[in-house]
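See the structures that follow.
Paired with chain B in one complex and with chain C in the other, chain A is shared by the two complexes that follow.
What follows is the complex of A and B.
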């Protein structure tokens, strides 16, 4: 990479896009917060004992996070083939690595909580709504619908995960918090990529907004229902829950979906 | 566009310069870290060289005082933004797709 300019905001827009979509940028970024961790946990993080009921709720929540991360892993890898340009393909390759890591660190956390057969446990505890969302996302990818699949994955799913993981991390046990905080740092890139890419596409072809609005209306309640349930499981006060929708609503409002 | 002469005087004044130091923000490569910091929540106050990214809620920092029309980049979420004046008179960033 070239030397940093005196002020990064003086970069040419094209040079900025090249830089932030590069594998090198991703590698140096994740090295900053993952170096020295093992399965997303820093050395010496205490293993705080959980009450049985609390552990049970956490296992259910983590199982559903695994469903979301698996959807994003399969979705992002499929999107590489239909991405319209090199920068998007390289970025999605880094997202695939992120999603694979998320799934792995969450499975490791389940193992630490004593879950012997995580795959079976995920199947048993998975939210029907989230599974339905995953099937629809993958059908959009298989149908080579770049904009709709990106909306479903990097806007609807990632925006809600971004908010829920942050909320959860605040009140979580130390190990779960460490894992979630690392995931949130990755999610910033994913939500930004989704919003900016879709924003550019809609700006260039405003007529696609109507079709995307239908996709949004079909899918967002599935994810919202799942994460509302997650927040209930986490014991978050009802008065704090509207914030879950707020970040998502702000995002879609910027894209012109009122 | 007609502008208030007093406002123009302020805008034409030399911009304050800022020496940026690393605040521990670790989500971008080391050479870019000083341009960003974490948002500390409702009690946080933005300096004249800072705006909040509306996409990912990271504070974006510049080496110079920010003014309306300036372009800034949020590297953590890869957004290009333009500084605008909000209804309450403060500066905020708007995404430029």
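What follows is the complex of A and C.
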């Protein structure tokens, strides 16, 4: 059996989906950018010392990233049971492993920063808005609402993380940047799946759009509140914060959710 | 607990699995390895290979559903992360065995119908017993059912198949060797993680032992169907002999030459091996093995 062509975009839509949602594709991708890393960090990355206040803010931010990744891990694993076809189940399995890896590498970074009891710190520092988002996401999964849960997980949550991680990575210390850049590569794939799957469903049944718009509107304010809290911790200038909100909304708007 | 669970981390999985024994493979085998021509050309052998592969897919789909479902029932974060790797392993198994159906010439648009038509109903019942526990978010029962019973069965089945395939179908043997490595890890997690939880919840033992007994019955019924109800057995034996080649080496497993065994003898050997392993593993975690009824 020959492998798909190097440029997957040459494939017809069905073959394209079969290729990019497969374990095999995931395997070939991640063995590339994860090669030579240990807990998401390349060997030899310098450990840049942080001022105490800076370290404290970073610990808070990473704790909240752990809340988000745990939500994603539980969301993605729950979605496997309600996924409508084999390909989606296999793709979500790769996403489950990705989210588990994200959680692990973030916990490792916290340990490097001297956090001895990460579970306690996460509980102490977790953003109220993010916890509320997590609860809502998992209720959509438990309610077996495939489209709404996929929107919440693979579009809204992933777009939120993608946006924040990209911005954070630009100004982060070298080790945190290395970890975040690896995570961002995975998030791109997850958003792609969400866009592809929901886009096809909306095209086939346009009435779904209105229902999903309601879900998005409900979750948007939680996302933007979470942004505000996280970006304050990152020490980002007040003038930069609206730009991030815009970037998130643009990412989501590509599906037609204005 | 923290120390042993570090052996089940995602980092460890990355180093052993995709960067280890799966490096350089495509769908679990070498890029240039193919199904033997004789297998593809002989209708009986091909039909049997398809039927066998369908059962593997059925089992792996159950394992995928169970391991992903157990993530949200897991009581601690390292267990969730291990189950994330197991979820991906099982998905990979579904994919590579589905790919094998394609390699055996089953048209892509007939895959689901083929699976539906050929999946053994006893194996489906086996899966249902386990998934009922997973749906109830019963972590202890779920891990025993999944990581001791299902994975224990799969481990022995794959080892036996590997022994039979090593010289006649290196491509499929290579595929199996990766899954064997995965199942070993899954069984290890079950044995190591569950013992302490069972000690903390002794009231769960009778229910879990009943589940084991029922799953074991459906497993034996599946084996019976697979080995006893093979059409045109003599013709199949002749075709298999041709595949093996004159003077081919013995296919030894558990001290027996599989090429020399009658189907009923193979069934008994497999059943006895699996049940013996169940007994050992269950006693290690504080459970009493329940002898299943014989189908």
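Simple rule for what comes next: the second predicted complex is superposed on the first by the 250 of 258 C-alpha atoms of A that agree within 3 Å, B and C clash if a C-alpha of one lies under 4 Å from a C-alpha of the other, contacts with A are read in each partner's own complex, and residues count from 1 in each chain.
The rule is simple: contacts are C-beta pairs under 8 Å (C-beta built on N, C-alpha and C of every residue); 3 or more make two chains touch, one makes a residue touch a chain.
Being a predicted model, the structure only gives us computed values, none of them experimental.
By the document's definition of touching, of the two partners only chain B reaches A:29; chain C does not. Look at A:73: by the touch rule set out above, it reaches chain C but stays clear of chain B. Of the two partner chains, chain B is the only one touched by A:11; chain C is not. Judged by the touch definition given at the top, the superposed model places A:217 against neither chain B nor chain C.
Of the two partner chains placed around the shared chain by superposition, neither chain B nor chain C is touched by A:139. In the superposed model, A:189 lies in contact with chain B only, and not with chain C. Common to the chain B-facing and chain C-facing surfaces of chain A are residues 1, 3. Interface residues of chain C, counted against chain A in their complex, comprise 9-11, 14, 18-19, 22-23, 26-27, 31, 34, 61, 64-65, 68-69, 71-72, 77, 80-81, 83-85, 87-88, 90-92, 94-96, 98-99, 102-103, 112.
Interface residues of chain B facing chain A in the complex, by the touch rule stated above, are 26-33, 35, 54-56, 58, 60, 62-64, 70-80, 95, 97. Chain A makes touch with chain B in their complex at residues 1, 3-4, 6-9, 11, 13, 16-17, 20-21, 25, 28-29, 32-33, 162, 185, 188-189, 191-193, 195-196, 199-200, 202-203, 250-251, 254. Those residues of chain A whose C-beta lies close enough to touch chain C in the complex are 1, 3, 22-24, 27, 30-31, 34-35, 38-39, 70, 73-74, 77-78, 80-81, 86, 89-90, 92-94, 96-97, 99-101, 103-104, 107, 119, 138.
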